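Got a structure for you, written out below as structure tokens; questions coming shortly.
Chain nomenclature is as follows: A, B, C and D, assigned in order of appearance, with residue numbering initiated at 1 for each chain independently.
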Amino acid sequence: MPIAYEYRLRIPSETDNLELIREFVTKVASKVGFNSDDIGKIELACDEACTNVIKHAYAMKTNNDKKNLDISIKTDAEKFTLVVTDHGKGFDPDSIKMPNMREYLAQLKVGGLGIYLMKTLMDEVDYQMQPGVKNQVRMVKYFADKKKPHSARGKQ
Amino acid sequence: MPIAYEYRLRIPSETDNLELIREFVTKVASKVGFNSDDIGKIELACDEACTNVIKHAYAMKTNNDKKNLDISIKTDAEKFTLVVTDHGKGFDPDSIKMPNMREYLAQLKVGGLGIYLMKTLMDEVDYQMQPGVKNQVRMVKYFADKKKPHSARGKQ
Amino acid sequence: MDAFSIDRVNKNDCSILYLNGFLDAHTAPDLENELEKLIAEERFRIVVNFKNLTYISSAGLGVFMGYIETIRDHGGDIKMCSMSPKIFRVFDLLGFPTLYDIVQEEDRAIELFFKPEQK
Amino acid sequence: MDAFSIDRVNKNDCSILYLNGFLDAHTAPDLENELEKLIAEERFRIVVNFKNLTYISSAGLGVFMGYIETIRDHGGDIKMCSMSPKIFRVFDLLGFPTLYDIVQEEDRAIELFFKPEQK
């Protein structure tokens, strides 16, 4: 098989499309050889990123604007790169504090777990913002045997 | 729900992606309200168009070229429009003779049923060719209650 | 579409919710409604059976966090049982087992309301 | 992945192929291989049971067209049975029932090899 693959999905930004998005991403992840454990992690990370777009990105837009969500997957010999793009209002990712889970649970908080989950589930997560133009979150998962020492985060 | 929807899928041009393509298109068709009969027709027409891309469009390309297949679906109040795009060699659709099925079966022919099926299953089918740039087949299915008299073809 | 559904069975003063399908941002409101109904009926002893749940995202987890305080304030609790490894992993990843009793057998989850000391 | 598989059962000099999954341009070569094996073994009386086939495209139909002549030349045939309405509709749309015997019951399909006059 050729070494590099590209997949893209564009879909209306609505919660009832999350199922289709998960099916798409799990199919591709399984095609490129991840085990069911990693497929589950990629599925959840992708759902969280897309749920954020649906809940937050287009909050200000009127009903007539096109509210789309783009997912792109690129794979090469060493990694699986998932990019979720919206064209909404954007936000400052540095301003989002990651939860301390002990406090979180002790105080019975609600919400605010999406980005934390994405970072826990994937090897790399970074945001690029151009509010109103395009806002992207890029998430990388390395193939088990190709994980570079400097990107390993001692998880699992 | 807003009146106009858009979905897109880009995927490597390989037969083992046909299953994912069919799942994508049947999900969308079912979301917009087609019955299972029409969903089956759209599924098969889309598969035939994509199979043609995979079998014919990139025959000359070397292994290093990107061989992608794009599917776009747009829906409005009256119709479902499916466009399959390739960036391969193209062909002259007018040169393709539709089979006479009685002769076809009597002579035990093989192949050559794809475009015929697409035309039988969908309300409108037309090709736009720009060889090497983009070649598109556009297929339309009207919602049962919105079928315009002039596009009805007396099928079913 | 059977994306998500809930079956409820009342056993004495305990209510068991069977979740079917997937629990994400699209289906989480259905579970919220069901928990609100239970609270309105003052049924605070709740067992959630995850046997037929195929997927959960943080939107689903958030539903439990959103009602647990009210339910405990009324002397009740949400006990959880029969999670597949896939579902349990999500709860575990976030440390939820420190906050909720999660057991394998439904009977055991019910028992926890009556013999908590054996926990 | 169980995209497509074939189970073969030999009953006397009749071979029954059970198709499972979907038959498209990706899986059609598997059916070609199976028919080629049957031909190599000189088993020309073939019943194809479609009960567990969920989908067929023209690539799948083409497989039958590609071997029927050889098989009939050797005094055999391909009889078809147990198609779901979805699968039958595709065969029917193209007029295949004029070329192939398509019946509901597998037993009936086998019988056709022995009592063709009752057709």
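In the analysis below, a contact is a pair of C-beta atoms (placed from the backbone, for glycine too) under 8 Å apart; a residue touches a chain by one contact, two chains touch by 3 or more.
Every value quoted in this text rests on a predicted model; they were computed, and no experiment measured them.
With contact taken as defined at the outset, subunit B and subunit C are each touched by A.
Counting only chains that touch, the fewest steps needed to get from subunit A to subunit D is 2. Rounded to a whole number, the gap between the C-alpha centres of subunit A and subunit B is 30 angstrom. Spacing of subunit B relative to subunit D, judged by their CA centroids, is 26 angstrom. Subunit C and subunit D have centres, each the mean of its CA atoms, that are 49 Å apart. Touching of two or more other chains is recorded for no residue of subunit D. Within subunit A, the positions touching two or more other chains are listed as 16, 19.
Touching chain pairs in this entry, ordered by label, are A-B, A-C, B-D.
Against subunit A, the residues of subunit B that register as touching in their complex are 2, 4-12, 16-17, 19-20, 23-24, 27-28, 31, 63-64, 66, 68. Contacts from subunit A toward subunit C in the complex involve residues 15-16, 18-19, 22, 36, 40, 43-44, 47-48, 51, 54-55, 101-102, 105, 108-111, 113-114, 117, 120-121. Contact residues of subunit D toward subunit B in the complex are 3, 22, 24-26, 55, 57-59, 61-62, 65-66, 68-69, 86, 89-90, 93-96, 98-99.
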